[in-house]
Amino acid sequence: MEKVMQNDLSKIADIIARNPKEPGSLIAVLQDIQKEFHYLPCEALMETARVLGVPMSKVFSVSTFYNAFSLTPRGETIVRICQGTACHIKGGKLIQEQIESALNIKAGETTPDMKFTIEIVNCVGACAMAPVIIVNNDYHGNVKCDKVKNYLDGK
Amino acid sequence: MRIESAKHLQQLQGEYSADLNRFPQKVLVCCGPGCLANGSEKIFNEFKKILSAKKIQGITVEALKKTGCHGFCAQGPLVVIEPQGIFYTRVQVKSVAEIIEKTLAGKEVIPRLLYVSPENGRKIENYKEIPFYSNQMRISLRNVGKIDPENIRDYIALGGYQALAKALTTMQPQQVIDEVNKSGIRGRGGAGFPTGRKWDTCRKAESDIRYVICNGDEGDPGAFMDRCIMEGDPHSILEGMIICAYAIGSTSGYIYVREEYPLAVINLQKAVEAAREYSLLGENILDSKLDFDIKINRGGGAFVCGESSALMKSVAGDVGEPRAKYIRSVIKGLHDKPTVLNNVETLATIPVIMNNGSDAFASIGTKKSAGTKAFSLAGKIKNTGLIEVPMGTTLRKIIFDIGGGIPNKRQFKAVQTGGPSGGCLPESKLDLPVDFDTLTEAGSMMGSGGMIIMDDRTCMVDVAKYFLNFLVYESCGKCVPCREGLYQLYTLCNNITEGNGKEGDLELMENLSQNIQIGSLCGLGQSGPNPFLSTLMYFREEYETHIREKKCPAGVCRSLITYEITDDCTGCLACIKVCPVSAITGQKKKKHFLNQQICDRCGSCYDVCQFNAIIIK
Amino acid sequence: MVTIQINGKLVQAEKGEMLIAVIRRQRIDIPALCHHDAVEPCGSCRLCMVEITKKDWDGWSKFVTSCLYPVEPDLIVSTHSPRVVELRKTILDLYLARSPKSEIIQRMAAEYGITQTSYQEVPDGDNCIMCYACTRVCEELGCNAISAVQRGHKKIIAPPLGEPPVDCVGCLSCANICPTHFIEWNDDNGKRTIWGKQFELVSCKICGKKTITRDFAEYLVRKRNIPANYFEICDDCKRTELTKSMGKIVIAAQEISK
């Protein structure tokens, strides 16, 4: 696991301080850290455990249980491919294969240059536009297989 | 702004309503999930830019509203001009100036942007005349698409919080519960437990503290009703929760929202802040001595957290593993205190019951399933979108009259309802009325309201495999039948789709399914085999064809099919362009050639061919 | 006291007591893997499920885990109804696919007539049956060194970050409670290793025998108010010392009575 920088440590402390100092804040704190760093640095987990008074084993349980958390750093651009029912029957799997081959990584992985991460999401609730992908925060509906490259290039 | 009393609220409604209607026309830009994916934010910004720069016929930028989902996603991005009800479809940024100039300034309709009836080609001006809308009845979605969800004044102007005022000033808590009971409303999350009875049990449970939780963890893939309410009309949920708090005697509430719905989180947060500012949350609400506040919890992305005990553990900051429920959460829930957990749509409906009375609500729908229900239509259907109809409406009416039927002249095959806990119903079940009990008897369930329509190009074994894969991934892993059983069910199903199915597999799977149903700890496992069992019930021969003949009739399971180009090929190049692996070669106006070695059987060529020259073998 | 019926026989039970205790008191053999008297019940193995009904349930019955179901008056319990037996068979069959090498699983499955799984063996399946006994006992002791991580079929029991667990004191409770003996540990050369963490073992001041880990001794001194010198001498030597002093007392008493 990568080490975080000194100034990141103070950022982590700030994020934890934004939430009430109680075990019940665990998920909210981890969500805020994930939002800031796009993953949960090891130091952040330990600091969270210490400040909230939660055993480290529980912090680890929670951070591996929920989809929202990642323990490894993510790429600059996160490509989320929806695999809800509507997306599935409208060829979501095919879109996934195209994106995987275009970026030469599998879903859940990050390119070696840390530019892209592919994530699978179980329905983003934009089923009317299926199949759907989300590149960072931009939704793309009715995605066509042969246009996949355009979405990744930000067009 | 502090609202002092019910009387003060009434006075404000008058003011805000007058304020809202001070413009001769209003522009409503749909910014629901579907339209946003199609670029409606840019359209809104273009309107804003032009209307900020100059006043047009007494219309300023304040007459422009960014609203929640209008429902007709297939036609988006949508722009509605009120009060005429002019309904513009597939609006582009470049059409905005034209709409302002012609329609707002010149009172002239732009025919190019109107909805065209697929039956007779007639252009329909007013959305109320479009069958998609005219066949609906909107209660929980009453304000969605009509108001600016970020502005509490819009909600108050349309009569918002009046139901709360009525409950607080004219009714005792028990009367509120009785009214909810009499209305016959049942939980819209899928289980259909009578809401009034839940409230009553909670109120009577011995405790110093009680909680109200709104379940906004809409996890069923293919369902987005709750998302649209949370994004488009968050105050209706808050109002429902405050009424519930008054009825059961609670001072603290939580809204558990999926983090995958960032706009819902933002709009709910804004709504809670506005409600606090107006003293509709906090201490002594409307001078009634009721203290109540709401906290928003973002879900971590775990389907199992839709289950009540798992959700409550997650709210408390823990891993979302369900617990055995010999004591119900309504008696021992969050932090072991009595807790009412209601779904978004249920809570948004409560104010209507308070305002119009239980009899009015009970008169809608069927005897055992009162009121209306919101559904999302997706999959192989023309009018994808969000609708609300009275309970008891038939599947046929929903899919064909409102949904417009199946696109591309294909055949209807099945409708999937109830998400991973539900099942697939075939053509022969289309005349069933949709309510809590009928679909369950037929082997599926109404569920929370996601409807995925499937055509003859959908393989039912593949659909079952899809849901099993989903459930294996989403199982919390605590109990054996769910963790190991669903995994084995998935493995067997996967074998079948890959041509490795054996005689006896289906019987083994049926037996395993029954034991998963009775042996699992929570609803996820107990209902997990349903997608398999329902497809087996209605499409058994499709499974058997996969196993015995090693063929996939729908042409989906890749291990079992090959594509071929016939002599009907006109050489149009369409398939060559669309093939992702460049397996097709050929020249214009000459029969194309498909290299089976390269082909990965995705079916893109088959779908694009206009001449039926590609066949599945 | 309440009266319930188990397999047709009327039985007395304490109010609030869990069904499994009442059933086992009747010397009825029902299997369970996650149940242990030392820890809170969790209901994960599902093997102790029984079918229950009541006279006024109109023939309706339901299946509950007896380890988590408190006794209610007039309950009618079947511990071996055909559906229950069928369910146990399926569960043991699933366990066998996951942990084919586990002796206890093999034995329990064989008792229900299953010698080979009907399913595909789970790739990389091991003898951990995810009963949570280890994590529960660790939590009960107040250490919380290990926990269940990931979810669903990928779920495993592991220390935080997969590293030697900081909060572990090497007490071996997890290894001792594990029904399949899956948790490995060893004592060698005055050191104990468990979960990849090495501990120093305390030596008896008198005989030099290794007793518990220093971390565990310190933990007990700190949390349970046990005198610091308590662990300096091993239990055997303590007994010997006690016998010696008792002997002295007896002799002294005899002297006095003379």
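The first chain written gets the first letter, and so on, giving A, B and C; residue counts start at 1 in each chain.
Everything that follows uses one rule, which is that a contact is a pair of C-beta atoms (placed from the backbone, for glycine too) under 8 Å apart; a residue touches a chain by one contact, two chains touch by 3 or more.
All values derive from a computational prediction rather than experimental measurement.
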{"item": "Per Cα centroids, the chain farthest from chain B", "value": "C"}
{"item": "Pair of chains joined by more contacts [C-beta pairs], B-C or A-C", "value": "B-C"}
{"item": "Chain A and chain B, separation of their C-alpha mean positions in angstrom", "value": "23"}
{"item": "Whole-Å separation of chain centres (CA-atom averages), chain A against chain C", "value": "38"}
{"item": "Intercentroid distance (Cα basis), chain C paired with chain B, Å", "value": "45"}
{"item": "Sequence positions of chain A contacting 2 or more other chains", "value": "58, 61, 65"}
{"item": "For chain B, residues that touch 2 or more chains besides their own", "value": "302, 319, 473-474, 476"}
{"item": "Multi-partner residues of chain C (each touching 2 or more other chains)", "value": "148, 150-151"}
{"item": "Contact set on chain A toward chain B in their complex", "value": "23-28, 30-31, 54, 58, 61-62, 65-69, 83-86, 88-91, 94, 97-98, 121-130, 132, 137, 139-141, 145-146"}
{"item": "Chain C partner contacts - residues on chain A that touch it in the complex", "value": "1, 42, 45, 55-61, 64-65"}
{"item": "Of chain B, residues touching chain A in the complex", "value": "33-34, 36-38, 73-74, 76, 218-224, 227, 259-262, 297-303, 314-320, 376-380, 384-386, 416, 419, 450, 452, 454, 458, 463, 466-467, 470, 473-474, 476, 577-578, 580, 600, 602-604"}
{"item": "Touching residues (chain side chain B, partner chain C) in the complex", "value": "302, 304, 319, 323-324, 326, 472-481, 483-485, 487-488, 491-492, 508, 511-512, 515, 518-521"}
{"item": "Partner chain B, residues of chain C touching it in the complex", "value": "42-46, 49, 63-65, 68-70, 83, 86-87, 90-91, 94-95, 97-98, 118-120, 122, 129-130, 132, 148, 150-155"}
